[in-house]
Structure formats: structure tokens, C-alpha cells
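For reference, the structures are reproduced in the following blocks.
One chain, subunit A, links the two complexes that follow: it is found with subunit B in the first and with subunit C in the second.
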Partner chain A sequence: MAKNKEAKAIRGGIQKPQFWIEPYLFLLPSLLIFGMFLYYPFFRTIFLSMFLTNKTGHAKIFVAFTEKDNYLALFKSASFWASVRVTFKFVFAVAFGGLLIGLTSSLLTEKKYAGSNFTAAVYAMPIAIASAAASMAFKMVLHPTNGLLNNIMGTQINFTGDMRYALGSVIAVTVWLTSGINFIFISAGLRNVPAELYDSAAVDGAGYWRRVWSVTIPSISPTLFFQIIINIIGAFQSFSQIKLLTEGGPGDTTNVMVWSIYMDAFRNFRFGSAAARSVILFLIVMVITVIQFRFEKRGVNY
Partner chain B sequence: MRITTVQRRKLQNAGRFVLNIPLMLVILIPLLYTFSISVMPPDEIYNNHLIPTSVKFTNYVQAFTNPYYNFPRMILNSFVVSTTVMLGQMITCSLAAFAFSFLEFKGKNLLFLAVLATMMVPGEVTIIANYLTMMRWGWLDSYRALIFPFLTSAMGIFLLRQYYLTFAKELYEAAKLDGCSNLRFLGSIVVPLSRPALGALGAYVFLNTWNQYMWPLLVTNSRNYRTVQIGISMLYDIDAVSLGLMMAGVVIVIVPSLSIFVFMNKQLINGLMSGAVKG
Partner chain C sequence: MKKTLALILVGLLAVSFVFAAGSGEAAPAKAAGPVKITFWHSMGGVNGEAIAAMVNEFNTINEGKIEVTYEYQGTYDEGFAKLQASGGNYPCDIMQVYDIGTRYMIDSGWVLPMQTYIEKDKWDINQIEPNIAAYYTVDGTLYSMPFNSSTPLLYYNKTAFEEAGITKVPTNFDEIYEAAAKLRVMNADGSVKRYGFGMGNYGWFFEQWMGKQGLHYVNNNNGRGEQYATAVAFDSNGGGLAIAKVWDKVLKEGIAPYLNIGNNDAKAAFISGNIAMTLESTAALKSLLLNIGDRFEVGVGYFPNINKGDKGGVSVGGGSLWMLNTKDTRREDATWEFVKFMISPEQQAKWNAQTGYFPITVAAAETETFKKNIAEYPQFQVAIDQLHDTAPQYAGALLSIFPEARNVVESYIARLANRTIDAKGAVDGMAKDINKALAEYNLVNY
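Up next, the complex of A and B:
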């Protein structure tokens, strides 16, 4: 018996008996932080979403499955559905806009030339810029009377205050912000395309666009798919641009879900309803993440 | 006249660069314009100049010296918070990653899954409950509120664990045979060997914390604890007329971000690429 134990210890390469609680002590700081600021608030949010709360966020009246249910109230409200529609428009435009700029900039810098390192640095740079700082810069660019864009076009358009332009403006700012990460991932994907594929295409006499369309894009389709998902999840979380440029308006035209959570909780002090919105946002993002896992297993490649 | 190969290469080079100019301008112009406005005399801003006729740094002097804007304090706040969060994550993530890669214990896989699962929850989803926690604890308007919730991250643990897993198991076993404790092994062997991964984590976390907006906006009310990102956005509310001052503020907060981008480019991009799994 004792001999057996000894042999086991030697085989395991560890002779000193391990202090059994030690591994958990190594994990303790991280688990405490996760517990207090992630797991607890996550369940707390679900809990709150079932209550009417007072102004300090205390759950007061249990309303789940009654006619005052927070979710039911949201599903019945036109403003909620407007916000969902705006969010999906915004997310879709940002995801594909970011992808398009990332793909273009990656293709443009695919072949090295004098100065291509500088160009690549410029394309990657937006990853470093804070969304708040960029929003303020764009506030100036889009300024109705003294801004760059109106100067160049000789107009006085109120880009962030006009129903017709507000959503487009925040989409443009967000695409600018997300272009850096799109460039980094897509150009990394391009570098991994085997050169032989291009060679055989060249032998077949395929022109540039033909090669891009039938060799490059299919070869990097897993990267593109992954990048679209990253863009979508990122776009769902956009806040600074909305807060600093449009405040959700005019009307509900830029009232994306995160903004409506903020308004519900911190302007109207309806924490229960805001919590319900948060849970819905979580479910949407989770479904998208699950779709990504599914596809990643299968691999998007033709 | 025949074109030599060298000439053709030069032409090709120039052609490729020219093709890139339009898109480069789209990325650069908002920032160049911001800088241009920040050094422009006010009357030129209102006469819609694009480039100043003379460069004035009065806006920067104003931003730093006028106590009304409280800018130096906000820069200090951002530095204190970002540095603490960065160092904190380096420590907590190293410890956790060490347990997940070198130690064997009950529930290891389950706990690792619990860590990874946190990546599924966007911060905006838990922000209300976290805000209420801060309110109940009386933590609003303090460094604690800005620092504690961010003292660990699944991305950091994952990044370091992947790196540790590349170490030879024999290294650990040899150290154990010599009677080296786990903590000493981590401190004197693993950490020095994992500098590239720690650098990537550090650059990424510092930048992300420096760039935070929503959480600091919610949990700070007084001028004493506002971070610089909130500060620049409030310059507009305080004084919508001083567009130049506002743009000087934007330039000031972008400089540290850009410095990290320029000087720690490789680390930052490595950190970003492992962080993007989270999205």
C-alpha cells in the first residue's frame, strides 16, 4: 500500500505532498473579482428585471408574470421595438462597413512597397483611439456651422441633429473606430493564404479582380466571418458615440439598446425595466456568440 | 525610351502608395483636423479655416493652467487608475493562469469554464447592478469604484495560460525536486520568462482602461475623480464656444494612447488579438 503510494508520487514527479488548498489560493483574487463584479451583478440583473424598483434601485414589487411585468411592458411599447430596429440597422451597417474598409485596406497593403509600413500603421491606428475622444473629434468634423465636412461641401447640415443624417453619422464614426481591428485581422488572414493558390490562378490567366473574388475571399472566409461576429458584438456595445453625438435622438433615430438601458436606469430611474433590457441584450449577444461557435467548428470555407 | 526594371519597380511603388492615399486620408483627417483646430486662433475657427495661418498653443496652456477645467487632476486620475488596473491584472492573472497551467486540483476544468464564461457577458449588461453595488457600498466617486471591478480578466488569464502551457513540464518538476515553492517558482522563473505575454497584457489593459468611458461616467460625479475621457467630453458642456480648447483636450488624451500604439505596437496588437476573442 505504502509502496504503491510512493511509486505513484515518483511517477507524478512530485515527492513533497501538495498543500491541497494552495491551487485555490492562487485563483482566489480572480474568482473574488469575478464573483463580486460579474457573477453577482449578472444574477442581480436578472433578479431586478422581475421587480419594480424604487429610485435607489431596491427591488420593491414583484411583477414577473403579472400585467405589470417589465418584459411584457417592453414588448408592448413601440419605443422598445423602435430601439430594437435602430440597433439592428446600426449593428448591420457597422459590421459590414467595418469589414469593407478592413478588406479594402488589407488588399491595398497586401504587396510591400516603400512606405507600406507607414500605411499599415495608419490603418491600424484607430484601435488605440478612445471612442470618447474620437467622438469629440468627429463632433468638430460634423459641426453644423464650423465643421470640416460642411466647410468642404459648402453646406450647413446638422449631421447629428437631423433625422436623416443622425444614424448615418454615428455609423460612420463607429466604422472609423472599428476599421483598425478589421484591418489587423483581415491582413493577418491575407498573409496566411498560400502563395501557390495565386500562382495557379495566374497561370490560368485570371486577372486581379478575378483572383480577389475567387481565390482571396474564399480563402479568408473564416477570418471574414470571425471578424463580422466581432464587429457585431462590438457594435451592440457602442455607447460613447451615441452619448456624445446624438443622445439617442433626434426622436428615436439613434436610440440603440445600450443607450435605452442608460436612459431607463440613469435618467428615468426605472432600474427594473433597464435590467429587463439588459437581459434581452445579453440574450441577443449570446445567440450570436453561439452561432459563431457552431460555425467555427464547421469552418466557413468553400 | 525603354523603362528599366529599377524604374518599373519605382513606378509600381509610387502607384501602390498613391492608391492608398484616399483611404489613409479618411483615417487621418479627423485627427489632423482636430490638431489643426486646437492650435488655430479663435477667429480663424469661426471663419472656417482648415489650416491655421499661425500656430498658437494658448488652448493647451489654458487646459493645463486654468483651475476651472481641472485638467491636470483628471490626467492624474486616469494615470493612477490605468496603472493600478494594469498592475493588478498582471498579478491576479499570473496567479490564476499559473494554477490553471501547472497545478492539478479538483474542479479545475469547471473553474476554467467559469472564467471563460465571463467573456460571454458584455460589460453593459451588468453595469446597472454594479452601479447599485457601488452606491450601496458608498464607493461612488472614488478610485476604488474605478479600479476594483477591473482587477482581473478572463482574457488576461487565458492569454497567460496559453503562454505558460508552452513551458516544459520538466522545468516545473525540476524546481519542485529542488524544494522550490509554487509561489517562488512563479515569481522567479515563470514571470521573467513570460515577459512578452505580460507586455502584451499590460499594453492592452492600460490602453483599454485609459480609453474607458461609460463606467467612469456613471460612478464619478465630482471633479476630483473624473477621468480624462469624461473631462474632454465635459469641456463641450461647460463652454460650447471654445471649440479650440475642446480639441486641445482631445489631443491631450490621444497622445498617451498613440504613444502606446507607436512604442508598444507589437505587444498591443498581440494583446488585442487574444482579447478580440471576447469581442
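Up next, the complex of A and C:
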């Protein structure tokens, strides 16, 4: 025993007691912050989702696994399933729409030409605009009787109040908001594609589209993959556009899960149900992330 | 050396967290110096500036004695959610809460009823407009002090009325349909250039129309009886269906365009002349006149009846001041002084002139400020007359889950506008959703 200790001391040479605590001390600030703002709320949410809460947000009646169970109530609610469907439609459209516009715009500004800096600035602009401010502006653009868009098209479409258009309108605004960051990252990705690849493709007689498809896209696939993940995460978290443009309506047509969580907790004071929705959203996002990383192994060339 | 320094820093950081957690505790009030109280409000824009001016005036008068800090908390919904999330930690001394938060506030147990101070101070309660006080009085107790009160009105484009040869202001929907048909202007391609009428999908109007029909929104004496409300009444008494049918007709027959939830889109459409009549709060008078300028003349009329011959009346909306039960007598005394100042005739007359909310104090009508304002905006007299023409029994429902109920109503009207349900389906859906929420709320909270 004593020998062992001695050996350790000799081998390490620095095994003074304070160094057992030291790493934890360094970790302490971040542990405290994470604990307070991440882990505690996370476990609190799971806890609350098993209760009916009273008006001050305190757990009141334990309902897990009973007929009043929050999860069971959600699974039986048509509005909840509508909200899940809307969320998927929204996320899919925003993630790929934003990527497509980002890709197109960065391909358009890839080669320098007169005014290309200006166009690049225009394409990148949405990242500099707060989503709330943009939503307010679009609210006026989309106004049913005197909005800019209706005036231009000579129509009287209620873009935010008509079930046929509401989701599309919110998606369009969000795609536009997302396109800026996609443009920036994809543009940066394009700069890193080695010129030799294009040269050899040109020698092989590949046209523009062939080069984009066979050289550019595979070469920037890590960027595209990264951007898709960022878009999906961002789309799941979209809130201000929904709040300002449609408030989740009409009906449930734009009732994405984040909005329904907000409504349940802060308008309807049902924290238990809101917590259950949050847990379900967490599980969905987790599953999607796992799928994405599986897919990455097959589809992305580093 | 470097390492020791880093360790000390980390240690300090950790310790500071502990202190930060503890610093929320109030230091014991010092006897010297002014009593400091905090006022949470939800008035943005011009109205917020008016609040600031009033508070500053109060602070100047009471220098060295009382100091009020005002904090803007976002919209009514947001401020209310913040108070509610504080879970009874009394983040402020006095707070402006919207009308539909009344039942929740009473139930919360965080509140010191104004009645307590009214009796302690022998303050004459008859100074308050009776039809306004009625809303905030439950079982003979005035819980909160009315502060910014409004009622809905019919606003119309007077210039368009004259062009169309309409002389009588519509008082019910039959008359609105008639006027709207005359006011409508078509484009050459057959689309509508100007609708005769248009209204926002605003749950407040639904509540008002229940009162206008003289009917109750919820059971148990409209939630004002000894027992809290347990179910809606608008489905069984037919009032809800009458309202939904009006909505259905207005939209289906193209009398008005659907102008979305809330009032902003309707307001914008009226200002730009796309609709010739609309429904809005009295509190919007000032901003409407300001935005319309001299493009057309604005007239106002009573909030229209759903059916010809409805005998009820409007109730007040807006907000009131709630004193929180902080159990610190010095601060509560100071808060009462502040309340008395805010509703004094001079302040209310000024408040009225700057915002368009009613002066809640009867004596405000005698002030020069008020007389000058009425001379400048004669439209406001209609609002005052409408308020005097209603009666305390139409004070409106009290409902703990009113914010949710209002959303439910709006959401079903939106479905109706999109023709996914009919009028009866809308009312049934509203009743079902609200009753379910109410049952759960009552189960957990009483």
C-alpha cells in the first residue's frame, strides 16, 4: 500500500491534494450556469409535465399514468396532432427553402461582376434584421386590404388570415430570414472548392450544371449539412414570426409546437401541459438529430 | 503564481454566484428617506408618455416623502404573465392589469382590495363613475381602482356617409348591412375598392355583444355570484349563436373582408379608407384622428346591437390599478396616496385628453382640461353618453381563464371565416373548449 502511494507520487510528481479539487473549481462557474439555466429547468420540466399546475405554476395534482395524464390528453387532442404536422411542414420547408435560396444566391454571386458586392450585401441582409422587426414589416406588406403585395398583384388576399395562405406566408417570411445566413456560409464554402477540380471538370467537357452538380455540391456538402442542421434547429425555434403574423391561426394552420407551448404556459396558465409539449418537442428534435448524424456518414464527403 | 491567481478568481466567481442569489432579498427599509414604490404598467407609445408625466408630477409634489418608479412591462398579456410567473413574490407595489385579469387577481390572494383603504381613509367612493366602478366591484368590494377605462364604439367615415347620402348612424347590424351596401365602391374589374364595413376579430367585441343583448357570458351570475363560474352561458342562452350568425353573414355575403385577429388590421384598413365603418375602442379615437388627418371626417356612434331592440349595454374594458398585499404598511400607505393622485379629477382629465380613455372620476368633467378636450373632439361626447346609458348589471363577466377564453372565441371565429365550420359549430366549439379549460382550472385552483 505504502509502496503504491510512493510510486504514484514519484510517477506523477504533482499529486498534491489541491489538484484533486482544482479541475472541479475550474468547472464550477460553467457547471453553475449550466445547472441553473439548463439542467435544473430540464428536470423541472419533466417533473412539471407529470402534474396539473395551479395558476401560480406550482405542481398541484399528480396525474402521470392516470386518465388526466398530460401526455395522454395531448395524444388524444386533434389540435396537438395538427400542431405536430404543421411543425414538420414548417421545419421541412424552411430548412430546405432557406438552403436552396442560400445556395442559389451564393452561386449567383460566386463570380465577380460589376455590382456583385452590392447583390451579395442584399442577399446577406436578412441576417442583420431581427425577426420581430421583419415580421412587423411583413405584416404591413401582407395586409389584406392595403398591403403592398396585394396592391402590386391587384388582389385582396388575406395572407395571414386565410387558411390556404397562412402557413405559406409564415414560411416565406422565415425562409427569407434564414436565407441570409445560408448565403454567407455557402459562399464561404464555395471559396474553398479547389480550382483544379473545376479545371479538370472543364477539361472533361462538363457544362455549368454538370460542374455544379458533380463538383460544387459534393465539395461543399459539409457546409450544406451543417447549414441544414442549423436551419432545422432555427426553424423549430421560430416564434416571433408566428406571434406577430398569425398567432398560430387561423385554426391550427400555423400552430407550431413552440407557439402552442407558449400559449399553454403563458396565456392559458397550464404549465403541466406546456411542459409535456416541451418534452415531446425535445424528443422529436433529439430523434431528428440522431437521424441527421446517421445520414451524415453516408452523404457527406469531407 | 499564475495558477494561484486563477484559483482565486474562480473562487471569487463562485462566491459571487452565491451572493447574487441572495441579493434579491430586500434590505430592511430605512426609516429615513422617501418611501420607494414600484409601479408596473402596460401603456406603450403616447399613453406611456402620459403615464411618465403623471408619475413625475407625483414625485415632484411628494419629493422627500414618496418616490414612485414606473416600469413598462410590455402588453397587458406580457405584464400579467410576468406577475403570474413571479409566483407571489410581489415584484411591484402597484400594477396595471387588464379587465379580464380581474378574477385571476382576486383569486390569487396577492391583492389588497382598494376597499380596505377606501374605508380606512373614509374616501368617498361615489367619486368614481358608477358604471365603471361596477366592473371592478365583486360582492360589494371594490378590488382594484379603475384607471384607464374604455368602451367600444362604431367609427365611420363621415365623408363617405355624406357622399352615399346616409344621414342616420347605424345602431344595429340590420342598419349596418343596409349602410354598408350603399357605401361599397367597386373597381372596374369587379373587385371591391371600398367595403362598407369591416371589423377586427377581437374577443372583446364578443363579450360586449353578450352584454348588449342583456345576456350572461358565463353562469353563476356571470361569474360575479357567490360561486365562481363553472361553465359558459352563451351557448345555452342563444347569445353566442346570434353573434356567430352576424359574423357568418358579414363574411359570407362579402359585407366586410376578414381582417384577422386583433384590431390592428381593421384599424389600418379604416385609416386608409378601405372600409367605411369599423369597431374600435374609445381609446383609439385620438390615434385614428391623428392618422387620418384631413383625408376624411370621422364620426362615431354607439357600439351596434346584434339584434334590433337589444336592451342591454356596454361594459368597460381597459385596465385598473391593483395594490399588491406586500404587508409593508409604509409602502402600502404610499401606494394609496399614489392611487388617489392618479385618479384625481385633474389627472384624469389630463389622462383623458392625452389618451382617449374615460376620466373615471365624475368631477373630472368639471375641469377646464376636460371641457377643452370635448370642444376639440366632440366625438368623445358620444362615448361618454354611451357609458352613461349602460347600467351596472351589464358590467360584464368575470372569469379566471378569460385570456384563454378570449383566444378560443377568436380562434373559432377565424375558423368560421375560413368556412371550416358553421355558426352553430363555432359556438359549440367555443363552449366545449372553454368549459374544459374552466373545469381544469377550477379543479386545480379552488
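Everything below uses one rule, namely that the second predicted complex is superposed on the first by the 258 of 302 C-alpha atoms of A that agree within 3 Å, B and C clash if a C-alpha of one lies under 4 Å from a C-alpha of the other, contacts with A are read in each partner's own complex, and residues count from 1 in each chain.
To be clear about the criterion, a contact is a pair of C-beta atoms (placed from the backbone, for glycine too) under 8 Å apart; a residue touches a chain by one contact, two chains touch by 3 or more.
Just so it is clear, the model here is predicted, and its values are computed rather than measured.
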{"item": "Side-by-side fit of subunit B and subunit C on subunit A, or clash", "value": "clash"}
{"item": "First (subunit B), second (subunit C), both or neither touched by A:N146", "value": "both"}
{"item": "Subunit B versus subunit C as contact partner of A:A201, first or second or both or neither", "value": "neither"}
{"item": "Partner chain(s) touched by A:V212 [first = subunit B, second = subunit C, both, neither]", "value": "neither"}
{"item": "Which superposed partner A:A130 touches (first subunit B, second subunit C, both, neither)", "value": "first"}
{"item": "A:A82 touches, of subunit B and subunit C: first, second, both or neither?", "value": "neither"}
{"item": "Touching partner for A:T119 - first (subunit B), second (subunit C), both, neither", "value": "first"}
{"item": "Partner chain in contact with A:E22 - subunit B first, subunit C second, else both or neither", "value": "both"}
{"item": "Partner contacting more residues of subunit A (subunit B vs subunit C)", "value": "B"}
{"item": "First, second, both or neither for A:G57, with subunit B first and subunit C second", "value": "both"}
{"item": "Touched partner set for A:D162, first subunit B, second subunit C, both or neither", "value": "second"}
{"item": "Segment of subunit C intruding into subunit B (one of 23-31, 41-49, 221-229 or 401-409)", "value": "41-49"}
{"item": "Overlap of the subunit B and subunit C footprints on subunit A, listed as residue numbers", "value": "22, 26, 29, 56-57, 139-140, 143, 146, 266"}
{"item": "Residue ranges of subunit A touching subunit B (in the complex, touch as defined)", "value": "13-16, 18, 20, 22-24, 26-27, 29-31, 33-34, 36-42, 44-45, 48, 56-57, 101, 104-105, 108-109, 111, 113-116, 119, 121-141, 143, 146, 148, 151, 176, 179, 181, 184-185, 188, 229-230, 233-234, 236-237, 239-240, 243-244, 258, 261-262, 265-266, 271, 274-275, 278-279, 281-282, 285-286, 289"}
{"item": "Subunit A-facing residues of subunit B, complex", "value": "12-13, 16-17, 19-20, 23-24, 26-31, 33-34, 37, 45-46, 48, 50, 91-93, 95-96, 98-100, 103-105, 108, 111, 114-115, 118, 120-133, 135, 148-149, 151-152, 154, 157, 169, 173, 176-177, 179, 182, 207, 210-214, 217-218, 229-230, 232-233, 236, 243, 246-247, 249-250, 253-254, 257-258, 260-262, 265, 268-269, 272-273, 276, 279"}
{"item": "Residues of subunit C that touch subunit A when the two form their complex", "value": "6-7, 10-11, 13-14, 17, 77, 81, 84-85, 87-88, 104, 107-108, 189, 191-192, 195, 198, 201, 257-262, 264-265, 268-269, 272, 274-275, 400-401, 403-404, 407, 410-411, 414-415, 417-418, 420, 437, 440-441, 443-445"}
{"item": "Footprint of subunit C on subunit A - complex, ascending", "value": "22, 25-26, 28-29, 32, 52-58, 60-61, 139-140, 143-146, 154-156, 158, 160-163, 247, 249-251, 263, 266-270"}
